[in-house]
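Next, two complexes with chain A in common: one pairs it with chain B, the other with chain C.
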Partner chain A sequence: MTPPTPTLLRPEGTADVSRLLTGARAVAGGTDLLVQRRDGLEAPTLVDLTGLASTRPAATRDPGTGELRISAVHPLTDVAAGCAGAFPALSAAIEAFASTTIRNRATIGGNLVTGSPAADTVPALLAADAVVEIVTPDGGRRTVALADFLLGPRRVDLTAGEWVTSVRVPRPSPEGGFRKIGGRRAQAISFLNLAWQWCREPDGRLTDVRLAMGAVAPTVVRLHAAAAALEGRSPTPDVVDAAVAAVDADISPIDDLRASAHYRRRCAAGLLREALLPPSTSGGPDQHVIPTTREKDQ
Partner chain B sequence: MRVNGSPVPTPAPADHGMRLLDYLRDHLALTGAKEGCGMGECGSCTVVIDGRAMTSCLVLVGQVLDAEIRTVEGLAAAGHGPLQEAFVARQAIQCGYCIPGVLNSCAALLDRERDPSDDQICAALDGNLCRCTAYNRFYDAVHDAASARRAGGDA
Partner chain C sequence: MTAPAPVAGRPAPWVGRSRPALEGHDIVTGAITYVTDRREEGMLHGHVLRSAVPHARIDAIDVSEALALPGVRAVVTAADVPVNALGPRAVDGPALADAVVRQVGEAIALIAATDATTAQRAADLIRLELTPLPVVDGPAAAAAAAAPQLHASGNVSGNIAFSSGDVEAAIAGAALVLRRSVHTPAQEHVAIETPGGVASWNAEEESVTIWCGSQNPGLHQRKVARALDIPAESVRMIANPVGGAFGSRNDDPMPVFLALLARAAGAPVHVHMTREEVMAAGAKRHPFWTSIDIGFAADGRILGSSVRAVADTGPIITSGPNVMKTSAEMSTGPYGFDVAAFDGTVYYTNNANAGAFRGYGVPQVAFAIENAITEAAHELGLDPAQIRLRNVLDRGDRHSLYRHRTTTSLNVRETLRTAVDHPLWAQRHRWQAEATGPWRRGTGIAVAMKGVGMGSGTGDTARARLSIDDHGQITIWAGPNHTGQSIQTTYGQVAADALGLPIDTIDVRVGDTGAVPESGPTAASRSTYAGGAAVRAACDELVERCRGLGLPLATDAAGVGTKLIELGEAEVNAEFRLPDTDDIGIVPPEQLATFAPHRVYGTCTQVVRVEVNALTGEVRVPELLCVLDCGTPINPAATIGQAEGGILQGLGLAIMEDHRVSEGVPRTTSLENYLVPTIADTPRMHTLFVEGSEDSGPFGAKGMSEVVVVPTPPAITAAIRDAVGVLPQVLPVTPERMLALIEESPCA
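So, the complex of A and B:
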């Protein structure tokens, strides 16, 4: 089943990528693309983007606006270090992502472009209104909101010859997090996942509440109704109950090989409830919840 | 490209798309790295690239032409003989298939942490499956190796 050896082209810098991409596919960490090739994806010619990482930082923050710009071609290990506390929801997602060996290869660009509804870095980026920066075949740039970039399972707004160079995050919040449910703690594709961020006012009210959930719809989705139920309120038990009840309206999970729709709906509510626990109890080493019993998959 | 501290012949452009795992095994006769799943999940092909543990089945050799690569064959020369001896002394090896990858993940950890905690060892090994489930002995061996290094004034 080992596919034929692909031709690997190595660009001489960013400007050279577009020329080589004609009739080829971009590869960076390869942690998804090379597995898909094994499973039959035809990609005889690949253009290596990893060499671009040495020409720029993994993440930069505009000191004026607070906007983060994250490189799409750096391994997640470097992205986590580069964000250094500026984007806790993404940092938590990277910590829960696959394994050390995969985090040392996998990139934000790959996690976006592969278009998986279960991608673990996408909820944090979507909650923070990320914008995808794309290099077009003529070497120009275009940007598209991440919410518009995600079109469906394995479908994104990227045409032949285009590649993702970076992601801009206009408003990462200082309080945020990520939780996932998977078959085990490492190397697990999420049954579902949740990223959140908000500001906590001195009186305890949550404002600018942003929630995004993965693997419960054709793309990662924002939980607008639940966020509205929390906005401007303190997370008292009644408010939490109302927000948790509102999750159902924003998701449309299906039965698949990893979990049933019914299980996902129940867990979606539970994940948000756990996210709203006081910070002292929701963090800690056991933050990635593993179900002890699992409803029978189809 | 350097492997285990020595320069190796530069892969021909036609070979740049080969998996690093295949290049190590078939071109350089370094058969320590094993293929298990071939999908980056089991960790038996783990090597250390520029100080970081990675699964060599998901790296194309043309992506690491400028890198320093360490395989299990180069561990002792890189100062990790005591780690390998600790694995033997603790009887942490049963079938052995995962061990080259496990040792590389542990060595990469010890290169950045002189006294790793159980949690840090657990995290460093989150990409390495051991079907014989000798994990508790891996922890003991890593602690032993870290102690030996500290006692030797090596860290």
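So, the complex of A and C:
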């Protein structure tokens, strides 16, 4: 049963948020919060963060260090545009996220704070060693590595009155990607997902390999062992086999309504193997070769 | 297709021309008032208290606190229902649970209050004392010797068995015998508008008007009259506009709930179920466990087949045995062979109630037979289209199980030939060879046939009433009702051509028991065929009457209308009785209605391309061809719309939809965890019509809106077989099931 209509507060600017958040709860796109309210979550007062988006860019890139600073309150559609190809794994994750309508509302802040192990933007951010920038109730700032921010299912390192303003990502690799497996091809919670990034040296070796996987553990996790098996090596069949075999060590999937632990383990291996296929053969979008005859029929 | 040729001096024909749905503009602009959008002066809001447990004895229900809540106007429990029954038999179930609850979601009490939140709060205040009973969690549990009996008549809801000979003898010397078992899941209709509407009670007349979706307004009228113990004439059902049905508005008790609440509250009451309520309480497609023993000669000819099916109908009968009746008839697919047998049993359980759903028992058995033919083609080294062409029934052939005569418009062969010539099939090898990475490609083909109407011996009849006024305006009241397919648009096209009058002078009304003569359900692919034929009969009679009187209807409709009114001849009533088969074969005459074999069938061949990811088990369906044998497509765009919608329901059943219940408790509780195809899952679809005409149908039309669901799942599994060498026998083929099959397969 939907609880009574909440009070919605709209802060004037960033400085205003902490004051309003006392005894209240942040809302951005509302694509998680409204669902949770329907399921009985009590949130009588909401502070709408979406207005802050007009006060700053969705993403900025430090020309010197290459660091990306991504707004936590912009819709994902704007984030993808703002990253302008600088963060391929995140862009791929956003492309696979829900649907256009949801992407036009949902934010990175919401995706992080919801704390779902299946959240689709998290693997790319975790693989890239993202740092979460938090505004404290006194208006101060603190930062925490995303790896430390994620505490467990629906649990993150955020205390009452705090909110997430942005995410900093040290120069993401130009080669990276994301794949999710869901029960259908849009509007689906991931059975599991994988983000990767690495540098491909001129001799074909992969360096700075980072892998992160979702929905296979209480939080999104890094695949450290698999990454180590690849680091500094060319993805030859033996190397790929070793990396794929190492995935098991870093995941601890469970059975749930969406998929069994066994499937998650098998598919986790498959997803990494697929990611390591030569770039030109990984499949790509559907191809329609037959022109439609529908118009003719009518 | 057979669109009538233009005749000089007459308006261009409408039959065969695509005409947008009359209400299309209102739908896309949001102007339409669906039954659940309706608001009445002084209207109250209703809520249904539902069981949270699958099986329990009701020891006490205390509504006193709920009644005392300010704003609550009525609370109705079983004790307040004059005749607490949804039908004439105990197995039809009560309107509201009395002694026992037998399903999660079963209605226990109805509340009307000044607002929906108060009604909901009142429901929470109703005190239930329940004693849990052991749960019958599936057909196996229902059949067990010590099983709790869910009805006085036991746990068997129905059995249908028939045989045309000794199948084991017929297949004894076969080149190939396959003995296979398949499973198809419970499927939810997911009509966009969830059940609900408004009822208004007239205390003086003791009558009720109900605005609520229904596929069978006449049946719902009788159900309401029974429960309220008032004459049927005192119940008026206004059953549209409504946002979809697909079978779900056949067995829906909502009109009864609305009427009970309106009577108890003495005011109009509005109820609108949530999606979560529908997921738990709404009827589903029957889950089936189907086995087939089938033998083939070396050239692919079928020598005999025996199909056994078990279905779970949940706690009440709804459509259970009738669904199994259709399964029986279609257990031989669109194929002609000498010896066939069927034995199907429907069980009562404490699982989700199952009822009517587009295809009505056919997708379940068709999956068994089509999968077997796909496998046989591989085993015998035959082309999967050729083995089907070798076996299909031809026009007027005798049916394999009942040996009755089929219609001469039966044109399965042409649908197959057309499909085989299409590039989607012809270029399948090239397309497969172009696969990249882990995505393997395959193309599959499947064929289906489904009877139109209720079948021989049932007296199936549709009716139409027509009147002409002094402006020459025609009004036609006809059934079956509109449940989303815009049947009134099609009736208008039939009428315009039959009368030779401009289409905008014809107003068609459907779905109101106050005005439309009893025409049976929007079901069994019968609306265009039966309703269209009744409209045509009414129009023909008017034309004939005018001719007899020498009145120039086509050129002076207003004058003719004026004259007919003077003569008291301005109204026409007509009916169309669906013809039985010419020859009932080996069906015992006294059991004709028990088996209800059809004369008229719609048929369909589909070719589908799939891509299977060998590393993850994902299945995607980029493109699909549907070739239809539906006689004349009266409104081609609407027909294609029906085809495409049906294909998507078939695709959902094939690869994602699965209403899961364990220990009697639904696990798929909302559209977050019960997945249906989205536009991103939708293949590019091509729909083609084969030339043909059904003599008994309006302008040569016959039904098609169910048969389109049927070939999609087996065509998809055949395509999977072509792509990765394994043939799934359990639906839906989720990524998990697919990957397990690939990894278990010896050639993986």
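Heads up, the rule we're going with is that the second predicted complex is superposed on the first by the 284 of 298 C-alpha atoms of A that agree within 3 Å, B and C clash if a C-alpha of one lies under 4 Å from a C-alpha of the other, contacts with A are read in each partner's own complex, and residues count from 1 in each chain.
In this section, contacts are C-beta pairs under 8 Å (C-beta built on N, C-alpha and C of every residue); 3 or more make two chains touch, one makes a residue touch a chain.
None of the values given here were measured: they were computed from a predicted structure.
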Just to be sure I read the superposition right, which of the two partners does A:263 touch: chain B = first, chain C = second, or both, or neither?
second
Name the contact category of A:277: first (chain B only), second (chain C only), both, or neither.
second
Which partner, once the models are overlaid, touches more of chain A's residues, chain C or chain B?
C
Should A:181 be classified as contacting the first partner (chain B), the second (chain C), both, or neither?
second
Which holds for A:99: it touches chain B only (first), chain C only (second), both, or neither?
both
Considering only touches as defined above, state whether A:189 meets chain B (first), chain C (second), both or neither.
second
Would you tell me the residues on chain A in contact with chain B in one complex that are also in contact with chain C in the other?
35, 99, 185-187
Complex interface listing, chain B residues touching chain A
14-19, 38-41, 43, 46, 49, 52-55, 57-60, 62-63, 65, 105, 119, 123-128
Chain B touches which residues of chain A in the complex?
2, 5-8, 10, 27, 29-31, 34-35, 38, 46, 48, 50-51, 77, 98-102, 104-105, 185-187, 285
Which part of chain A faces chain C closely enough to touch in the complex?
1, 4, 35, 99, 181, 183-189, 191, 257-260, 263, 266-267, 269-271, 273-274, 277, 280-284, 286-290, 292-294, 297-298
Can you check the complex and tell me which residues of chain C touch chain A?
18, 117, 120, 422-424, 427, 431, 434, 436-439, 611, 613, 615-618, 620, 622-623, 636-637, 640, 656, 660, 667-668, 672-673, 675-681, 684-689, 734-736, 739-740, 743
